[in-house]
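Take a look at the structures below.
You will see subunit A twice below: alongside subunit B first, and alongside subunit C after that.
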Partner chain A sequence: MAETQSLTTAATGSVPAPFAALLERAPDTLPGGRIDWVRKAREEGAKLFLAHGVPTVKVEQWKYTNLRALLKIPFQVADGAAALGLTDLPAGDALTVDAHVLVFVNGRFAPELSDLEALPAAIRVDSLAKLLETEPHLVEPWFGRLADAGTLPFAALNQAGLLDGFAVRVREGAMIERPVHIVQVSAAEGAPTVHQPRNLIVLEAGASATVLESWIGATHADGPQTLRNSVTEVYVAPRANLRHCILQNLPETAYSIAATAAKVEEGAVYDSFVLQIGGKLSRHDLRVEMAGEHAEAHLNGAYGAMGDQLMDTTSYIDHAVPCCTSNEVYKGVLADTAKGVFQGKILVRRPAQKTDGNQLHKALLLDRGAEVNCKPELEIYADDVKCSHGATAGEMDATALFYLRSRGIDPQTARALLIEGFLDDVVDRIASESLRQAFADMIHVWQDRRLAAASRSAA
Partner chain B sequence: MPLIEIQDLHATVDGKEIIKGLSLTINPGEVHALMGPNGAGKSTLSNVIAGREGYEVTGGRVLFDGRDIADMEADERATAGIFLAFQYPVEIPGVATTTFLKAAMNAKRRAHGEGEIDAMQFLKLLRAQQKELDIPDEMIKRPVNMGYSGGEKKRAEALQMAMLQPRFCILDETDSGLDIDALKVVSDGVNKLRTAERGFLVITHYQRLLNYIVPDFVHVFAGGRIVKSGGKELALELEEKGYAEFAEQAA
Partner chain C sequence: MAATDKTVQTVREMERYKYGFETDIEVETAPKGLNEDIIRFISAKKEEPEWLLEWRLKAYRLWLTMEEPKWQKVHYPPIDYQDAYYYAAPKKADGPKSLDEVDPKLLETYAKLGIPIKEQEILAGVENPNVAVDAVFDSVSVATTYRKKLEEKGVIFCAISEAVKNHPDLVRKYLGSVVPPSDNYFACLNSAVFTDGSFVYIPKGVRCPMELSTYFRINQKNTGQFERTLIVSDDDSYVSYLEGCTAPQRDENQLHAAVVELVALENAEIKYSTVQNWYPGDENGKGGVYNFVTKRAACRGKKSKVMWTQVETGSAITWKYPSCILQGEGSVGEFYSVAITNNYQQADTGTKMIHIGKNTSSKIVSKGISAGHADQTYRGLVRILAGAEGARNFTQCDSLLIGDQCGAHTVPYIESKNPSAKLEHEATTSRISDDQMFYCQSRGLNAEEAVGLIVNGFCKEVLQTLPMEFAVEAQKLVNISLEGSVG
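The block that comes next holds the complex of A and B.
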């Protein structure tokens, strides 16, 4: 602790008080506080975060996402569900789909809101804090190894302040049909709070499972702000197949900085879908390491932003070995003065011959004040690869609009159909029909929200 | 009363006059063919009648059922019963074909003071029309026009027409991009819709389509107006002689 504190003092003042508070907790009382490697990881996280500081727009990776407003908020470290007295969840905010539902409030497991009963034996879902107490060896091989605290400043902060999160583990060869749905609630009462979920998903060799995440809030639209700084490390062992879907539907008082880092081994498939429709400022770092030959990654996503929301997807796909495939399609709709950011990098290392890497980002701008910043990046060192990237940003297609209107559809409905269609087009890439429906429903919710806001401001 | 009456119509696109005094009357039950060389303004006419933005009427008027349509938006014209079968039907990613068809049918029903269509009734209608036009379920499951071949697109246009039951249909170069089999299927679909109440304006460059959709009247359109009108035999004459002679007349 002494070392951490001296580091805080030594820091240039670029680390604001709320974050410093996250670093200054007595380590012995924290989960895994007596385990040597956990303490070391915390210390390492603190050191790296202090070395980074909070990134400014001068840092290339944060060029379009300004955190200045965030730093002015006096966040306090958040309590869990029990302390908040949270007894049920807001209805309709999370994905609606048949699944094993587990709830985490401010990153801490809320057993009273969860349903662990029907989980098959081949899949385990634990609280990371509990696992650190009982079976730390199930955490150690992955913790901090997949999400690189050296290049992700907020992952370093998360590592330093490690408290709790979810841990999913699917046993070798197990085919889990029913999805596991982790509902993660950001909640604050009275004062603004910060919480740092630390999650782990491990699929053993040949396993197959679907993990869903819904990030939602439990505070009113005019309630205190929350900051969710999450890290999810994902390990997909050889021949395993993970469908990983995330819904970010936080209230407009919420800030979200999230990193998902996956390592995909030989012949394995990581199939990810992320829909962002909430939050005031939301950054998602998606990092995928193609670590074994013939691995596949499908990274698709959509976002709908309005008002003065900012939604940022920064992805980094690392092709380290030959014969892997990665496909990434993201589409966003931006209304009012909302801002979208898509930074997509594909790195193809010298040994990664026969790489097939494709990336596409499309943005639809509904209003003059809306803005999108797109930065695709291909860095290729192998000479026998098939890689592409593309980006478009534009207004609504007048020809399509006329086509719909020529069939009698009124302009408002026609626009709504085209906007939803624009996003549903990516949702269609989800293989499971019930999940497709669940995400299409959420896009519809967003659309209704947008129309309601538009009619409010018109009134 | 005539179904549609175009009176000395003048229209511009991007400030350039394309339609230069066109008059045409179509009565219920009639099929008129409008034939002309490329660049004569055929598609401009169809877009003007359908109410597309950017096509400005600078003179004359179009009456539908005796009512001047100048102030009607594209969707109002459609719900009133005007249907344009596009030369190039538009692909719309993400919008399910059934959602689109239902929205269009319900728009029309609402405009006529009727309630939304019952889901079962809709499916029954759709199935029946799919069968007529040889449209497999697989096509219907795709988003609007997505990945359809040229022939499939035209069949899908005919399907929409059959579902919406318009009073006046404009077929804009429906034969373009069609092989002979697809042409027959689409023409059969159109012919089934020929009733005493409905009128058609078939716009085409070639006579071929008119072997299948036999018109009551044929008009030669050149230089922004009709330069000659006659019966169906005029189409054959055009096929033989070409448009050169008429282009001179227009100039």
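The block that comes next holds the complex of A and C.
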């Protein structure tokens, strides 16, 4: 008893008031509050978060991402769309692609902004809050099982403050052609707010689908800050094939801490692409467990940071069984005094013979003051494997720039072209052409933003 | 089946540590344990000046407040620092004036190890010897050869305790300037209790006429070995320093926490080569040396260069990161490493390259071979500070796994704060392919020879950087270390 108490007091010292408030909410009134396991999960999350505290740079996994600034902001729990009177979405921020669009504002489902009608019967998209009230048994087998609150402090916080999020379920063997696009809006009025979407994607055996996520904001540049702390658990059953693309295009006032945890079963494919171009500080924890033989994971991503943005991708690929393949390519462009972080770990456990695991991170530093920190990591216990990682960092190739200049292209365009070329390489890894285009467009948006900021500061 | 049995038999025979003998010499030992009195005792024994005693005590008091690091990927039972002797020196009246005065038993030990002091200076009487040996026998230098020849050039090569007496200004100026006592737990302990080691000073414009070499040898039972090596290479000088180690077989683990500091001034070059072959413990992971070493070089002058080469085959646990602080403009740091772990050995090794000056460059080539139940980690840091305009780094670390019970890990940290810096890092993990084995065996090599050949090829890039004397020994060592890993 004495021990627990001392742990709590010691830990609450490092948990700032707004987070402590998140942990204290009365559970019965919340979705699923009367269900035993939901209540337990919330309590467990609170307990674990208190034990973790908010990670400092002394915690190895957070070595390069300092959350000090975040702790000073008096966040309040955010309201949904209706309460905010949000009737329209900002145009051009989300991905532009033909898809079934569902909108979540501050993690809560906004049916009035969504379009569920054309959704095929083989796919269900629900709000998690609703599912917890009506069919909690559909959530229970996955909830908290993939995103480990024991090692992810913010997943613990998310679990403690469980409210709402999306839940996608694709029936066995169903091939869903048209992507499902989940637009997630962070909005705040008046005071800074925090919201914690909790999402679930389940593909049953042999199913195939594309899930897109756009994380955007509805607050303008000088509005109050928002903190988005999301957890997405992804289960890809045997032989299923999930394409999962995320666009993080939050406003400059937004902080984003996200965890995506996937379990990939036998013969299944998890193909993910993440583009980060927004937010003040954004951290993405990507965890993939290769749980069945011949499973494949493709984790690709790109980021463009400017100003004093910080973008952090921390991935962890766990090869637990033989004969799996994982490929990871991340590329980042850093302008001004932006900071990029990439920490990628591949773990090959003793039984995971015949593993093929490759990882590459490349960073392009545009300006003095930009910084990149990279830590690719291999931990290998099986001998018949092929694993590699590579990392590079540097500036733009002067010869390439000279070549373009010698063809009469002005320096600004030349630089933009080379940045585009640098990132295209990884965007090209997206299989669908329309999606590739949608992401290429977003990269253009970022380039324009960067040029506009540059000309502003020049003027 | 018969073949397997035979291999097992061979392994048993081969695995017995070649250098596992112990010389029985009267030893003057400080009482077991560690406290300020012990440190005063060591200092008094060494007839050290007051400032050094103060330095030691300050380090000791700091050490008491520090915690033993736990982040490294090695496992060992907690070390009882009070259960070790911190001072053991072979008994002697005055310092030996010549090799004649050296205890013949010591010379016998060296003969067994193949150290050519006697052979070269007394028996053979070679006129132009190539290697000078400052032999360390349980912490105290007992014989130094060729000092005369070095003296002619103005090179100082002696035991650090001697340097404290004869060149106090130099020692005081540079001791702890690269690895301060506060650096880490083991360096701090070393600062408090170091007993001996080598001191090298190469004056301006001198190219050291021979390769300097120290053979370390841990002998006294239960004695931690705390060497302190300091090499200062003044402007436009060059020195190549060899360090090689073997230790007698024993069951209790021995702690070895050395500190090596290198200082390269303008245009100076230091080449530091290590072959580490301490007792790795038996086939079941019992015994063996704990090798927790801090090695760091400061490239202070313009265009200075430091090259670390290491062949690590021994020790139950190796934990070291020979590093370079590249401060001088255009300075160069290089790190070449072969680490072989077999049976239950553990190694967490790598390097740190801190780029501070403009146009600094560094190259890291690390080859790790893990066999049996061994675990090995490459851990490295390349840091480019904002002022390191035009810095360049190339890193390559390859791991080879032999057998399915071992592990190989790579943990590089790459940090760049300057856009004009170019960094490349590459790491691969693989095993010896069946094709390679089949090819070699079809040419009449047996499995063990084939593995030796392939592994030597795998390490070639590193072994080539060793001085001749070591390269031959190292190649043999690679083969010996891997014996019993296939079959």
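Heads up, the rule we're going with is that the second predicted complex is superposed on the first by the 447 of 459 C-alpha atoms of A that agree within 3 Å, B and C clash if a C-alpha of one lies under 4 Å from a C-alpha of the other, contacts with A are read in each partner's own complex, and residues count from 1 in each chain.
Methods note: contacts are C-beta pairs under 8 Å (C-beta built on N, C-alpha and C of every residue); 3 or more make two chains touch, one makes a residue touch a chain.
Small disclaimer: the values here were computed from a predicted structure and weren't measured.
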First (subunit B), second (subunit C), both or neither touched by A:145: neither
First (subunit B), second (subunit C), both or neither touched by A:406: first
Subunit B versus subunit C as contact partner of A:418, first or second or both or neither: first
Touching partner for A:40 - first (subunit B), second (subunit C), both, neither: neither
Per-residue touch tally on subunit A - higher for subunit B or for subunit C: C
Touching partner for A:378 - first (subunit B), second (subunit C), both, neither: second
First, second, both or neither for A:428, with subunit B first and subunit C second: first
Residues of subunit C defined as touching subunit A within the complex: 71, 386, 399, 401-431
Residues of subunit B that touch subunit A when the two form their complex: 50-53, 73-75, 77-79, 83-84, 86, 89-90, 92-95, 99-100, 103-104, 107-108, 111, 143, 160, 164
For the subunit A and subunit B complex, residues of the former touching the latter: 397-400, 402-411, 413-414, 417-418, 420-425, 427-428
Complex contact set, residues of subunit A against subunit C: 60, 64, 350, 353, 363, 365-395
